[in-house]
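Next up: the structures, one after another.
Presented sequentially are two complexes of chain A, the first with chain B as partner and the second with chain C.
Let's turn to the complex of A and B:
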């Protein structure tokens, strides 16, 4: 039973992070390898707002979330916008470079030691007993709830919302979308903001649950196979991918070797990519034409 | 090989002349001067400078290998550190378990490297671009995990100590001896790359990078040449890793983080994609960068308080420089070099004639 709970929590973590990768990739065909670092930055932002508005935890979290979304938009406006039209690899490497920059900068500003935003927010992260003898901490339960909420609203948004439809259009055929009067820059900036915002939710909850230090970025990197296993441009795929990767990881850690935690996601990734090169639900990308 | 005019008034007639490595008297003199400087350096420079030079040599072997793969054959790899680790660990394990000398361990590292290259390359037959980059990233984690597992199982949690190799009864320990060993290795790699690139293999890679479908239609064995690129590049990289292990006298997984892979990719980006000179310049730049930062921190007033977090400063500055290069100078250092070269070749004119020889 505890295993099932662990799997659910890890799935929620991976799914929340993976959907950030998927959103940006689906809309702009850029793989954002700095997602983990952006998530870490958001968690550090929470630390700042927590010491500012310590007594009002809701205000602190809302401010931090708003700031994170803003950071995402700014990253697009000031960095990634310059990379449109360049080689895809160059754009991806720019995000890698951004990730390195953020890693260094967060250490410089907040030092490398572990922080506990929960204490500053005056929240007690108590454990909830579940039927079957399993336990789940408050933040972990919130992670699962957030995941469900985020995914259902994203599905609704992309299917029904006016901006969601525009986003899908921009992702499918940027040229046609632009000709129909969709402002691509706004769409791309929105995708970056939204992706960072969702990453921030995951990052803050993880930080509140387990504490915050530089390993946060590694979690972001480990969630990336989940996005790829499901197919980089499918939200449903991200969810399924997260479930597969999390299940494999928890089971192998429990039954084989705890050290495996670092490699399992990537091993699953290779195994899946060999059989389904575009992931489980990903669309086959167009073949080259002569 | 650049298709640029090499000097004003120098015309190439015939393909044989076009393929020559050294074409103009100036190039011959420049090369001779470079050789004299490189040969004389170890007798003048301090041990610290020699260590820097050795690191640059090691890095340039690796970056040349990556340049062949990414810059010329067009196959992206983010698993370079994994291959370096494989080479270093082959040496470490063979030396530790069997006490094998270097003339066994180096070929063994090359063998392991080429096998891994085959493994790294297999996904490239089905995957392209990003997906390929990611699968090499995954393999990097697998290789490093295996290395860490070996360390843990054998109780060598701090790393494996390797004795220096001995050539003809003389152990290679001094920085000066290493300078010549590594310098020769780097020169060998450079010559190998130059010759590969002006042969049929190099042209096949260029065709694959330009357009796979067209290359296939032209009768180029795309799969075979892709695999060849992976195998050769990995072989060279594994040997570089083995030399790295010997040079340090110490092998440990911590040295082969993802950051190292990124550093190698940064070398070929900062140096300039699709140019061997770029690989060398990039290796020089990226290797010396942290030392430059350290020196700058020491020189700037008020920067002392960051000295404790030197690695963080390094990360920040490195990320910043990489972004600046990607955004402002996509052709890298070699782009700057070419611009200067063109200025002198065209002097007193400023622009090439519009019609005439391409580029």
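Let's turn to the complex of A and C:
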């Protein structure tokens, strides 16, 4: 039973992070390689709001989430918007540069030491006993619940919401969408905001569960294979990819060798891409190279 | 006319700068000031900087200022190599310091050896070349010591355990940590302990629970971890969340004191070579005062390691005299004894063959739930380094 709980928690972590990659990619075809750093920045923002709002943890978390979404929108408006119409590679490299900048800035502002947001929020991350003798921490349980909530909301939003349909239209046929009066910049800004907001949820909950330091940015990258396995432009793919990668990782840690956990996501990725080059649920794209 | 004057002043300033540098001891440091492992190294480097600033404010060493040049290598060997090259060739340092991951050692040592400049490892793990028979150019002040730490920890566990020991190990997937846990694993059966599991955890890991699950399921009643702090403490916390009630021993890194107080876990021991600030020695008060005055962004409890490095650098420069060269400094360092004023169990004594220290002392601390304070569980125990 504990094994199943461990798989559920790791799936939730990977799925929430992968979701951010997918949202930006399916709308703008830009691979946001600063997603891990933006996630880390959001967790540090929680530290700030926790200090400001003391024991009002709900206010602190809501404010940090709001600020994170705003950061995503601002990144688009002041940085990625300038990349519109430029080579996709240039946009991707811009996100790499942004990531490096954010890493440096977080050290300068918050120093390199370990932080524990849960302490500042006066929350006890207690363990919850589950049937079968398994246990899960409060924050890990919240990660799983958040994943379920985020994915169901996103599916509903993209299928039924007016702005969700516009977002899909902008992703599938940007020219046609623009001709139909959809403001692409608003859609792109919204995608960046949503992506950063969901990454923030993952970052904050991981930081509350495990503590916060500079390694969080790298955790963001660890979820990347999950997004690729599922297909970079598919939300369902991100969810399935996260489940596959997390399951393989946990089972190999438990039954074979813990060291394999580093290699497994990429081994799964290669195995899947050899058979389905666009991922399990990805859309086949036009090739601009042989 | 004004332009000529300005140009003349600029030239004079340019000529004056190198002269000033030559009038001071110039030492350089390459360290992981940023990057994933920075939390271990940056506070120590900050402490060293503050210490040397105080030395300079008090008149310097042998009447000369100490010019410390800091270079960030983000724990990347390539950057460390470039830093070492620049510090030696451009800045003409007489001492090269390293405060970074062991993967940066090879290029730094290679550059230093080419130039005949001594290398001091401060807060980074001591390489085997500083133990007897020591390399003439390599020295180390860092508290932790491969193999000796495991011997001391296993001896403590044997002494403390009230029932047969079923021990598990937790390492980070880096050569040094894995090597030490392999060593401990080989020693434990000889002390009557049963080794039940060893987890080698890759950095970074989003969730430590899968590794903790294995340690718990293996039936360990003791777990020993010798790894960067993040691996040590997150494995412990994951174990506790799983309901594990065993005893946990970890190396007392610079974060240990604050973390003992945060976790308030009576079955969590830290073993180390530095006295914790709860001992309230006069030197601790001095460090805390200096940290406050300098506005250091790290807790004073994390500064002992860098402070000790500063004490040793000051003593070495003093012994080398003025004018000092890399050669004179290396000779002075090969016969040096530094009183750490209680920060360690004894002095740091270097000889021609031993550039680690002739005796290594260990102390064990834990959280006392009844007293609601950190307490000394075992006082200084000495191990001869041969």
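Keep this in mind: the second predicted complex is superposed on the first by the 286 of 290 C-alpha atoms of A that agree within 3 Å, B and C clash if a C-alpha of one lies under 4 Å from a C-alpha of the other, contacts with A are read in each partner's own complex, and residues count from 1 in each chain.
Quick note on the criterion: a residue touches a chain if its C-beta (ideal position, glycine included) is under 8 Å from a C-beta of that chain, and two chains touch if they have at least 3 such contacts.
Predicted model only: the values in this text are computed from it and were never measured.
**Q** Tell me the contact category for A:119 with respect to chain B and chain C: first, second, both or neither.
**A** A:119: touches chain C, not chain B.
**Q** Could you tell me if A:101 is touching chain B, chain C, both of them or neither one (first, second, both, neither)?
**A** Once the two structures are laid over each other on A, A:101 reaches chain B alone.
**Q** Contact-wise, after the overlay, does A:3 reach chain B, chain C, both or neither (first, second, both, neither)?
**A** second
**Q** Mind working out whether A:266 is in touch with chain B, chain C, both or neither, as first, second, both or neither?
**A** It touches chain B, and chain C stays clear.
**Q** Regarding the shared-chain residue A:88, is it in contact with chain B (first), chain C (second), both, or neither?
**A** first
**Q** Contacts for A:213 in the overlay, against chain B (first) and chain C (second): which applies, first, second, both or neither?
**A** Second partner only.
**Q** Tell me the contact category for A:274 with respect to chain B and chain C: first, second, both or neither.
**A** first
**Q** Kindly list the residues of chain A that each of chain B and chain C touches, one partner per complex.
**A** 103-104, 107, 111-112, 259, 262
**Q** For a test of understanding, state which residues of chain A touch chain B in their complex under the given definition.
**A** For this pair, the touching residues of chain A are 31, 79, 82-83, 86, 88-90, 92-94, 96-105, 107-108, 111-112, 221, 224-225, 228, 232, 259-260, 262-263, 266-267, 269-270, 273-274, 277-278, 285, 287-290.
**Q** Hey, which residues of chain B end up touching chain A in the complex?
**A** Interface residues on chain B, with respect to chain A: 76, 123, 126-131, 133-135, 137-139, 141-142, 145, 148-149, 152, 211-214, 217, 258-259, 262, 265-266, 269, 306, 309, 311-320, 322-323, 326-327, 330.
**Q** Please give the residue numbers of chain A that touch chain C in the complex, ascending.
**A** Those in contact with chain C are residues 2-3, 5-6, 9-10, 13-14, 103-104, 107, 111-114, 116, 119, 125, 127, 129, 135-137, 140, 206, 209-211, 213-216, 218-219, 222, 249-250, 253-254, 258-259, 261-262.
**Q** Please output the residues of chain C touching chain A within their complex, sorted ascending.
**A** Spelled out, the residues of chain C in touch with chain A are 33-36, 38-39, 41-43, 173, 199-211, 213-214, 217, 229-230, 233-234, 237, 240-243, 255, 262, 297-299, 302.
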